[in-house]
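In the two complexes below, chain A is the common chain; its partner is chain B in one and chain C in the other.
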Partner chain A sequence: MLKATNLSKAYSVGSLGREKFYAVDNVNFEIQEREIVSLIGESGSGKTTIGKLILRLTKPTSGKIVFNDLDITMLKSLKEYYKHVQGIFQDPFSSYNPIFKVDRVFDMVREEFYPSESVNSWKEKVTGVIESIGLNPKEVLGKFPHQLSGGQLQRLLIARALLMETKFLVADEIISMLDASTRIDILNILVKLKERGLSVLFITHDLSLGYYISDKTVILYRGSIMEYGDTEKIFNNSAHPYTKMLLNSIPSLHQKWSNTDASLSGRSAPVGYCKFYDRCPLGDERCKNIELRKVEENHFAACKNV
Partner chain B sequence: MSEIMFFAFRNAKLRMGLIIVLFFLLLGIFGPMISKYQDPLDYVGQGYQPPSKEHWLGTTTFGQDVFTQLVYGIRSSFFVGLVGGGIATIIGLVIGFLAGYEGGWLDELLMMLTNILLVIPTLALLIIVAAYLPYRGVFIQSIIIGLTAWPWTARAVRSQTLSLRTREFVNLARISGRSHMKIILYEVLPNMMSYVFMVFILQFGGAILAAVGLDFIGLGPSRGISIGLMLQNAVLWNAIQLGMWWWAIPPGLVITLVVGALYFMNVGLDEVFNPRLREM
Partner chain C sequence: MLEVEGLKLYYKTLKGHVKAVDDVSFDVNDGELLGLAGESGCGKSTLGNGLILLKPPMNYFGGMVQLDHTQLPIDDFERMNDFRFSKLSIIPQYAMDALNPTRKIGVYIREVLQSRGIDPESIMDKLLERLKFVNLPERVLKMYPIELSGGMKQRMVMVMSTLLNPSLLIADEVTSALDVSSQKAVCLMIKGFKDAGIVKSLIFITHDISVLYQIADRIMIMYAGKVAEIGKTQQIASNPVHPYTKMLMFSLPEVGIRYAHGILSGIPGQPPQLLNPPTGCLFKERCPLRGKECDEEPPVVNVEEGHIAYCWKVTQNA
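Our next item is the complex of A and B:
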């Protein structure tokens, strides 16, 4: 359904922009219909950039993104694409223009995508969708963003995506700003949507959330994919040292954190080497030019030991 | 909104500034009607007359009525402020929004233009342009002032836009299929209304001062009267040395009061819009 091929995004850094910094470096992945794929990585690993590339909020440096046989990489008129591909962002409070009422995000959809719809029938539609995701329309409509909770705002954004013929949703850390009790509600809404035929790219830094919700998992490190495949396989039979380190760093009861080695190093890997080289306990000269290799069916890892 | 109105009316600086500006605005609008003489340049009485019942602010060396000149001058000053300040604000906003929102080569190009205009001494440019015009009127003068006063507004608006465009609601509007124009007008601009309002007030005062400066060095309107022209004439005919304070003081006082009140309003508005600056 959505396929990214050799996707890269580089930013110019240094004096006069002579050096390139790759936020996303040669990434390949594919998302099928009715599939939740979680994109897991630490801060700065390029996961948000990938989300923005899919939503075309920024253009890739190279590579391409194909959605249902439509190459959107350099597409000029994106309106038709946005009818089917939508996004929700991390911070619910800054997703709404603070000086307008929340209803405006729905009105915007009507104005841009369904101008022929009458105001009243649109209102009915909005009310119906809001009810379907477990909110009381009377409590949320006509309010300003600061009068609602983060969970309510985030659910309204999901409702907004449902008003369109959305087939693919980019959910960029949508629950990281919410408290634990609201989180599970939102996750369950996403799972329900999947049953309705929606695909979701679930961007997160939280392994347990990714495990809870997703069919497939992509582990990202410094813009490159380290491991990719079925969620069960990655969590139970991880092949890459980085994935193993991440799994070890999940806080669990009755276990002190000091036993886990997850140190950061300021160095970066030499050119051509595996991005994880400088932090990897197994790093040696064989870590050069590592591509994704097959571990087992639907499970790939970029490590020499595979 | 109601909260802003509440703090606006409670703010002493804003209230004072507004009252002074409104007073002179009304004087500029209705002054010509209450003054006894129609033409400010007409010779209506004896020269060298101090203020009296006949001539409220006395007469000039040639017997022109100073009060009539003053109210017409105030009128033209407000006109310059409105048109010149308005043009400068609009150009500054358009260039700032485009450069800040679109970025890339357009940003580079517009900012290059802005920076060039910023380093050219404006007064020197105004003198040259004004000197080449065959006929100078208040309107042409306001346009010249407006066309040269916008650069710092453009820079400030650009930097505000840069920070607003990275907010998520702009991204949400983008994936709602909104065009760039609509995003700038409906998402970015409403968040900057308070700022735009203040910019206009500052440009208004700036344009009035620039016009007075031009008039004073002899590049004022070649027909009609203005506050700057009054000042120039008063200095030219040694009003101060001859003890004709009624000719030299009023125009200077009016300019000081109006521009000062505008700056007061600006500081007051700053406090209204920014809670951290409010004096409790």
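Our next item is the complex of A and C:
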């Protein structure tokens, strides 16, 4: 359904922008219909940039993204594309204009995308969508953003994204600002929507959230994919040292950390080497030009030991 | 050792007082790491900040704080200067942004020390030793903050916060921006400050109970500005008694739990407004066990040794 090929995004850094910093470096992945793919990485790993590239909020430096046979990389008119692909972001509070009622985000969708729709039938549609994600329209419509909780605002943004013929949703850290006691409900909504036919790119830094909801997992480190495949296989039979280190470091409520060292991120790996080279216990001169290799069916890892 | 008794910290607003920390009592023993957990808005950061830097709009409304049997004048901004950094210190939530961008780090540390009336030369050896302790090279002192990564800046602030060997160190959400492997390293490093005897006791504030399970000796759970439950780490993890703690722990996904195998559920509803909060137990609106008595202030129940909960529905030795 959505396929990224050799996708890269470079930013100019240094004095006069002479150096290039690759936020996303030659990334390939594919997302099928009715699939939740979680994109897991630490801050600065490029996961948000990938989300932005898919939403075309920024253009790639090289490579391309194809959505249902449509190359969107250099697409001029994005309106039609946005009817099918929508995004939700981390901070639900800043997605609203505080001086308008929350209804306005729904009205703006109608004005922008469906101007021929009558106000009344649109209202019915909005009410239906809001009910479908477990909110009571009477409690939320007509309110100002500050009168609603973060969880309610975030759910309304999901509702807004669903008002169109949305087939693909980019969900970028959508629950990290919500309370622990309410965030799980948002995840459950995403899975229900998937069962109704939606595909989701679920961007997160929290492995347990990814494990809970996703079918496939992409492990990202400094802009490159370290491991990619079926979620169960990645978590239960991980092949890359970085994934293993992450899994070893997850704080669990009933098991203490083992004594293995957790290394802190260093500065950077030499050019051409695996991005994880400087932190990897197995790093040596063979860690050069490593591409994703097949571990088993639907499971790939970029490591010399595979 | 820190003793806090009936502490009340309210924010003054035009509409009235927001009771961010309301009648909170607890203690932290020497050599102990107390984990402080709760959701956003439960008052955990207000409590941490209030102990060290109490300034408007936050106001002191009562209670007593004793550090090593000396009363802390936390409501007196000037007099607290005698205690800040030397007796108690904090690693703030946004430690990465706490350094002066226009000064080299070494120069900045020198200025900070001079402003405290301390001769920088007398402490240089200790500084270098501490840099080694957190895995930073000596040359960072000649660098500007912009040349360091976020994690390095955070460790630099850790060094500065603990340079005078304070008795109490407060770490406020220090790991929330890190990936799990860095989180583990930083958590163990902070615990190391206590184990190496650099600080005597630690308060580790986080929203993540599973992190506390790894490093804390005791855990305190807060809800809506009040203490819900305090107990030893093992007691909280294996025998939580307050309905809020129980529900919170059942709403956390862990690796090993998948949607397909069993759906977790959150706690319905949301925390109450702390501006004119309702009377009685503040969790009652969301609590499945709510009874008539919950409209009254909940009693403190001694569940077992070292384990207390503020709840009507909890019985002793539950």
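Following the convention adopted for this analysis, the second predicted complex is superposed on the first by the 298 of 306 C-alpha atoms of A that agree within 3 Å, B and C clash if a C-alpha of one lies under 4 Å from a C-alpha of the other, contacts with A are read in each partner's own complex, and residues count from 1 in each chain.
By definition in this document, contacts are C-beta pairs under 8 Å (C-beta built on N, C-alpha and C of every residue); 3 or more make two chains touch, one makes a residue touch a chain.
Everything quoted here is computed from the prediction, not taken from an experiment.
Participant: On the A-aligned overlay, A:Gly151 touches which partner chain: chain B = first, chain C = second, or both, or neither?
Facilitator: So A:Gly151 only meets chain C here.
Participant: For A:Ile290 in the superposed arrangement: first (chain B), second (chain C), both or neither?
Facilitator: neither
Participant: For A:Leu247, using the defined touch cut-off, is the partner it touches chain B, chain C, both, or neither? Pick first, second, both or neither.
Facilitator: In the superposition, A:Leu247 touches chain C alone.
Participant: Quick one: classify A:Tyr96 as touching chain B (first), chain C (second), both or neither.
Facilitator: A:Tyr96 sits against chain B, while chain C stays out of touch.
Participant: Just chain B (first), just chain C (second), both, or neither: which does A:Asp179 touch?
Facilitator: Second partner only.
Participant: Have a look at where A:Ile72 lands relative to chain B and chain C in the superposition and call it first, second, both or neither.
Facilitator: A:Ile72: touches no partner chain.
Participant: Over in the complex, which chain A residues touch chain B? Could you list them?
Facilitator: Per the stated touch rule, the residues are 52, 55, 57, 78-79, 82, 86-87, 89-91, 94-100, 105, 108-109, 112-113, 157.
Participant: Hey, which residues of chain A end up touching chain C in the complex?
Facilitator: These residues of chain A touch chain C: 41-45, 149, 151, 177, 179-185, 187-188, 191, 205, 207-209, 211-213, 231, 235, 245-254, 256-257, 261-265, 267.
Participant: Can you name the residues of chain C that touch chain A in the complex?
Facilitator: Listed in rising order, the residues of chain C that touch chain A are 39-41, 135, 149-151, 177-188, 207-211, 213-214, 237-238, 247-249, 251-259, 263-267, 270-271.
Participant: What does chain B use to touch chain A in their complex?
Facilitator: The touching residues are 167-169, 171-178, 187, 190-191.
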